[in-house]
Amino acid sequence: MNDLLVLRIVTKILMPFILLFALYVQFHGDYGPGGGFQAGVIFGAGFILYGLVYGLDALRGVLSSDVLRAGFAIGLLIFAGVGVAGLLLGGNYLDYNVLSSDPVKGQHLGILLIEFGVGVTVASVMISIFYYFAGRGR
Amino acid sequence: MAVAVIGIVRARNLFVVVMLTGIYSLLAATIFVVLDAVDVAFTEAAVGAGISTVLFLGTLALTTSEEKKPVHNAWISLAVVAVTGAVLIYGTLDMPRYGDPAAPANHHVIPEYLEQGPEKTGVPNVVTAVLASYRGYDTLGEVAVIFTAGIGVVVLLGQWRAHRRRDERAEDEA
Amino acid sequence: MTAHLPALQVVITLLAAPACILVRGRDLTFWLALLTTWAAFAVSCLLLDQVMTSGIVSYELGGWAAPFGIEYRVDALNAFVLLIVSGIGAIVLPFTPRSLLIEMVGEKAYLFYCAFLLCVTGLLGVAITGDAFNLFVFLEISSLASCILISLGPHRRALTAAFQYLIVGTIGATFIVIGIGLIYGATGTLNLNDIAERLPATGYNRTVIAAFAFLIVGAAIKLALFPLHFWLPKAYTYAPSTVSAFLAATATKVGVYVLIRFLFTVFGVKFSFDILPTALPLMLLAVLAMFVASTVAIFQDSVKRMLAYSSVAQIGYMVLGLSLVTVDGLTASIVHLFNHALMKGALFLAIGCIAYRQSSFRIDDLAGMGRRMPWTMAAFTAGGLSLIGIPLTAGFISKWYLILAALAADEPLIAALIVISSLLAVIYVWRVVEAAYFREPGPGAPSGEAPLALLIPTWVLIALNVYFGIETSLPVGVSEHAARALMGAGP
Amino acid sequence: MVDFVGLYNYWIVVFLMMAGLYLVIEHGNLVKKMVGLTVFQAAVFLLYITLGKVRDGTAPIIAEGIETYSNPLPHVLILTAIVVGVATLALGLALVVRIRDAYGTIEEDEIGDQDGPAI
Amino acid sequence: MRVELAMAVALAGPLAGAAAIALFGRRPNLRDGAMIVASVVTFLAVYRILPAVDAGGRPELFLFDFVPGLGIRFVIEPLGMLFALVASFLWIVTSFYAIGYMRGHGEENQTRFYVCFAIAISAALGVAMSGNMLTLFIAYEVLTLSTYPLVTHHQSPESMRAGRTYLGILLSTSIGLQLVGIVWTYGATGTLDFTPGGILAGKVEGWPLIVLLFLYMYGIGKAALLPIHRWLPAAMVAPTPVSALLHAVAVVKAGVFTVLKVAIYIFGVDYLSETGASTWLMYVAGATVVIASLVALTKDNLKARLAYSTVSQLSYVVLGAALATSWSVVGGAMHIAMHAFGKITLFFCAGAIMVAAHKTEISDMAGLGRRMPFTFAAFAVGALSVTGLPPLGGVWSKWYLGLGAVEAEQLIFVAVLMISSLLNVAYLIPVAARGFISPKREGDPVPQPVGAAVAHDGHEDEDGIREAPMFCVVPLCLTAIGCLALFFAADDIAAFLAPIAQR
């Protein structure tokens, strides 16, 4: 039980940092390496770690599989929705220039938004894949 | 890397195979760094060495970890592989040499990305700029692929009551 | 809004797929899916019209100009394939609610619709895009989604079939990626049109030849060209009937489209056929496919498997047409692409009607079905006649053009082979018809007709088979237009 | 033969690729097939990235004072391809799990033995 | 306009009849009535066209185009007129006969039987009126498919096997050879319309012409040239009305009719005789005539014997086409009508014997003539007509064919005709003769009074043999009288047909 305790505490301490790092990767992707996909993976990995240590049920308490499933969809919808927004604002599909009065700002905004969408989908898919593989063993 | 691969081919214990695959991925990731592809390396490390390994281990936990000895004749597969390899080698003969700045791949569209990209998008990481903006549509497709895989896993491994019935029926038929 | 049609074509279904997950309600998702596939169908109709009246439509996604961003490029060929995919999707989908109950678990319905929409999206994306890598991405969407759909089949063998499909499909896709990589190495661009323009400058070196080989083999795996067809019969046999109908009618067609696109547009007739001797091997394989697969089909016990092998044979006809490398041959190929989608779709839907009443697809178990399920079997027979190529059906038109093209290309032997292989089709279709109409039903035979919800889509496709067997101006006109453009003869 | 020196990188990649392909085709174990697929795809990724390397170049993140960058486009493509690869992997392994449930084995031969003639 | 309307009615009449038959399936009297009405209406419609064609008109009915310039077109000319008249008239007669036969035999699935029958008639009329080769081909295929259920009517393993042979040969030849020929023709000439003088002249020459002729002649499996004749004897498992109308008239005549059409309007008689492309066909046809007759001699089953006789007689028509002279063509065309009446009479008789006496083997029929005098008398008339003895219709067609052979300077075929007539005598006349002449066998009961034909319930035991039901006997007498009448009408028919042979 002792090593498990250590693990639990370490995990608890690590969790915020992992998630923070994920967020950093998410939003810093413009300047350094990283982006929505990597962030999503790390984010997901954090939760998977949590699930491994605290058990699947604890994780289910935090994030139910329904929420995750909604996550798949919302991420994709954000991405595709940005495209539609471009369409509605008079540009081509996925044209970010029109999102803001200044094309460069528009681009930046668009990239941030879609990276966020990517992150959401990837993280929720990763976590739920873990759910299903782990949940099946029992 | 080649060693890892040979190990994968030879090893019969699937845990070993999976671990070797993880190592293989990590090695690939380091090579990506050497080749200046930091983003890719980051991803490969996270995915290849991380997620894939977890997935494989999960699968092994649910199935079995020993591979049976293959019984069929390997010559046909070897021949297919050899032919494919030969075509590839043949194809590389006219490839631009490694690291050649004059290679066609590095011209045509690249200058636009490198020179205009950061200005037009306000993002200095050209990879991100291209990924999210120039070829944003590819990325949309990529998210759709992940989404599809997620749906697939839900469909396949979800605890559907009817699944059980179905599989039992299949068992009866056999 | 007409300027944005190309984007809408794909995006409508792409948006609807995640929406299905959020909506979840069984009926609601059905109506959502139905609405969006019909919308996609409408868009493809408008697109085809636009292409036929004002030429190639190009759309720059994200507003980035062509070689830098991703371009959608729609000419007569794509527009036609888009029409096939979305049209079949629109017709097949209404079939699902009643058929799902029998062949698949009901509570998963919304996931099914989601996967279905994704599959449609993937196929449409492959057909419409003008960018090599984008093509690969959408190819993967469609193949993963169809893998899910196949795995939903009622028998456990659906799982192994889906696994095999996944493996083989991924190998095929990876081959295509290798090809794209090599070509990118040689030309520095990913835009299909741009590649075509820059290829001559490379002097067609060895890299290009290797890329060509990988792309063609990759496409051949995807379209199940003999002898790379081994994954197909299994997949079509064990998938739910609706899925078989949809995939048989569209997925391999998109594969053929990719092949045509690479051979004729990207590499160009000069390289593909003059510099490299591609035509002869393709022709040989096509003829082999026609004969071997038809012969195998004759000896199948299961109707679904028989139809699957027949698909392999029919793909042989399409490849044969294009391997003639003439405008006529290509026209025949494209016409058959369309007509075969109609007939195979109808036949598999008829099988779906049978599945509603009984779980076996063995020919022996169809005895007396002509009296038990008259409308279903009448539809099957009509579809079978079209498959054989009896006049007044769409199948006849394809064969007619194919034979004419073979004769015009001075290949009387090929013409004769086409005819002889149709006779094999007579045999396997007739086995089913004979069992259904001229044998007494067994004790366990079902006693009722399939519900209207299943019969109507089936008969719509049959009606189209007959309609396009008589009024051929649409498929033939479009195909000729496309073929001329591909052969570089101008529209 | 000096001319070929610049190509040996490719040839290593080709070797890796072929090993992966061999795994997929030859091995009857479904998990090993998936491993093979992963190896195969990773090798393809290497091919692309190798293509994009420019001598003396650095990572394509624009910064002051650096003039030569490696080609970013292959990186982008491979990022996408990795994701596609992992998606395929997840789906494939899920199928393996289900097959194991239905058949009790993940060896191709044994699966083939269990099913009788086609329905 | 009226004539075009009549054409439409003639084509649609049987189909409407089929629909009505299906509709009234559960009420036999109404159903059979519907069939009679349909057949009469159809005949009247066909008859309505006659004056226009006689006056030299070529009424046309256009439905739609598949490909620009190639579509479903119906045109009627003397040859088609003759075939349409024969087929539609004999349908009326056969309808009555079929009612008697089917009820007398207590057959199952009568509704399906009549529906397919009507569709087959429609298809035969479609063949007769087709205006281009494609239309003809389509009608030809419909005819094949719609008669398959008739052949396999009994659904016994034996009939299924026969059905497979039937369908296998007819479909494989038509799709495998004929269709290729058609597409080839279209590729070479750009049209498939039946054009007086032919469309191939100057377009296809030399060896290809012979190959093309081969594709057509063997592609028209219904004409039953020698190696591909097997479907016809196989089809004899069908109920007798089918054998009578379809396999003595509609189907086989559609075959030889197509042969004539192709020879006259696709190849052109002159072009054929100039190039000599059809010389091989003469020999094949001649051989078929003789060999099939010899085979007929060996058959003891009456219907089988008649079937081989049909194979032999069909080749007369093919021979007429192959000789490619104006006389021979007229003779061939005329033989379609003459043989139709003769052979249908024979089949009606065979059926009547089966219904009344349950006998199928010739050797069992000795002495039956005394109990079934009308039947056997009609049989004798039919046999004489088919043999070609005056004063019966059959003589004229042989006469014209003989003239044609002389004109083509192929005297050997005059000899063939002679030999064949002798063989006809040898295999047909004894059947009739035995019925009357052979002494009754031991144990046979006293013959019933003549004319005591009453409704037959099909279960009467063999001892009570008497004349077949009225529905059977009257039609066969009618057709026998028809054979007689044709003898006197021959001149008119020849005059009517003359335009097809005009240079």
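By letter and in written order, the chains are A, B, C, D and E; residue numbering begins at 1 in each of them.
Convention: a residue touches a chain if its C-beta (ideal position, glycine included) is under 8 Å from a C-beta of that chain, and two chains touch if they have at least 3 such contacts.
The structure presented is a predicted model; accordingly, all values stated were derived computationally and were not measured.
Number of steps on the shortest path from chain A to chain E, with steps defined by chain touch: 2. Shared contact partners of chain B and chain C, listed by label: A, D. Distances from each chain's CA mean to the overall CA mean are smallest for chain C. Across the structure, the highest number of inter-chain C-beta contacts is found for B-D. The most distant chain from chain E, with centres taken as the mean of CA atoms, is A. Annotation: 45 Å between the Cα-based centres of chain C and chain E. If you average the Cα atoms of chain A and of chain C, the two centres end up 36 Å apart. Rounded to whole angstrom, the centroid-to-centroid distance between chain B and chain D, based on C-alpha atoms, equals 4 Å.
Computed centre separation for the pair chain A/chain B is 20 angstrom, with centres defined by C-alpha atoms.
Along chain D, residues 17, 21, 51, 59, 61, 73-74, 77, 79-80, 83-84, 87-88, 90-91, 93-98, 102, 115 each make contact with two or more other chains. The multi-chain contact residues of chain C, meaning those touching 2 or more other chains, are 14, 17-18, 21, 61-62, 133, 137, 140, 144, 147-148, 151, 155-157, 178, 184-185, 190. By the definition of touch given earlier, these chain pairs are in contact: A-B, A-C, A-D, B-C, B-D, C-D, C-E. The part of chain B that touches chain D in the complex is made up of residues 1-2, 5-6, 8-9, 14, 17-18, 21, 24-25, 28, 31-32, 35-40, 43-44, 47-48, 51-52, 55-56, 58-60, 62-64, 67-68, 70-72, 74, 77-78, 80-82, 84-85, 88-89, 92-93, 95, 97-101, 103, 105-106, 109-110, 113-114, 117-118, 124-127, 130-131, 135, 138-139, 141-142, 145-146, 148-150, 152-153, 156-157, 167, 170-171, 174. By the touch criterion given at the top, residues 59, 61, 79, 83, 90, 93-94, 97 of chain D touch chain A in their complex. Chain contact summary for the complex, chain D toward chain C: residues 17, 21, 24, 30, 33, 37, 40-41, 44, 47-48, 51, 73-74, 77, 80-81, 84, 87-88, 91-92, 95-96, 98-99, 102-103, 111, 115, 117-119.
By the touch rule above, chain C contacts chain E in their complex via residues 388-392, 397, 400, 403-404, 407-408, 412, 415-416, 419-420, 422-423, 426, 430, 434, 437-440, 469-472, 476. Those residues of chain A lying in contact with chain B across their complex are 29-35, 37-38, 41-42, 44-45, 48, 69, 72-73, 75-76, 79-80, 83, 93-94, 96, 103-105, 107-108, 110-111, 114-115, 117-118, 121-122, 124-126, 128-130, 132-137.
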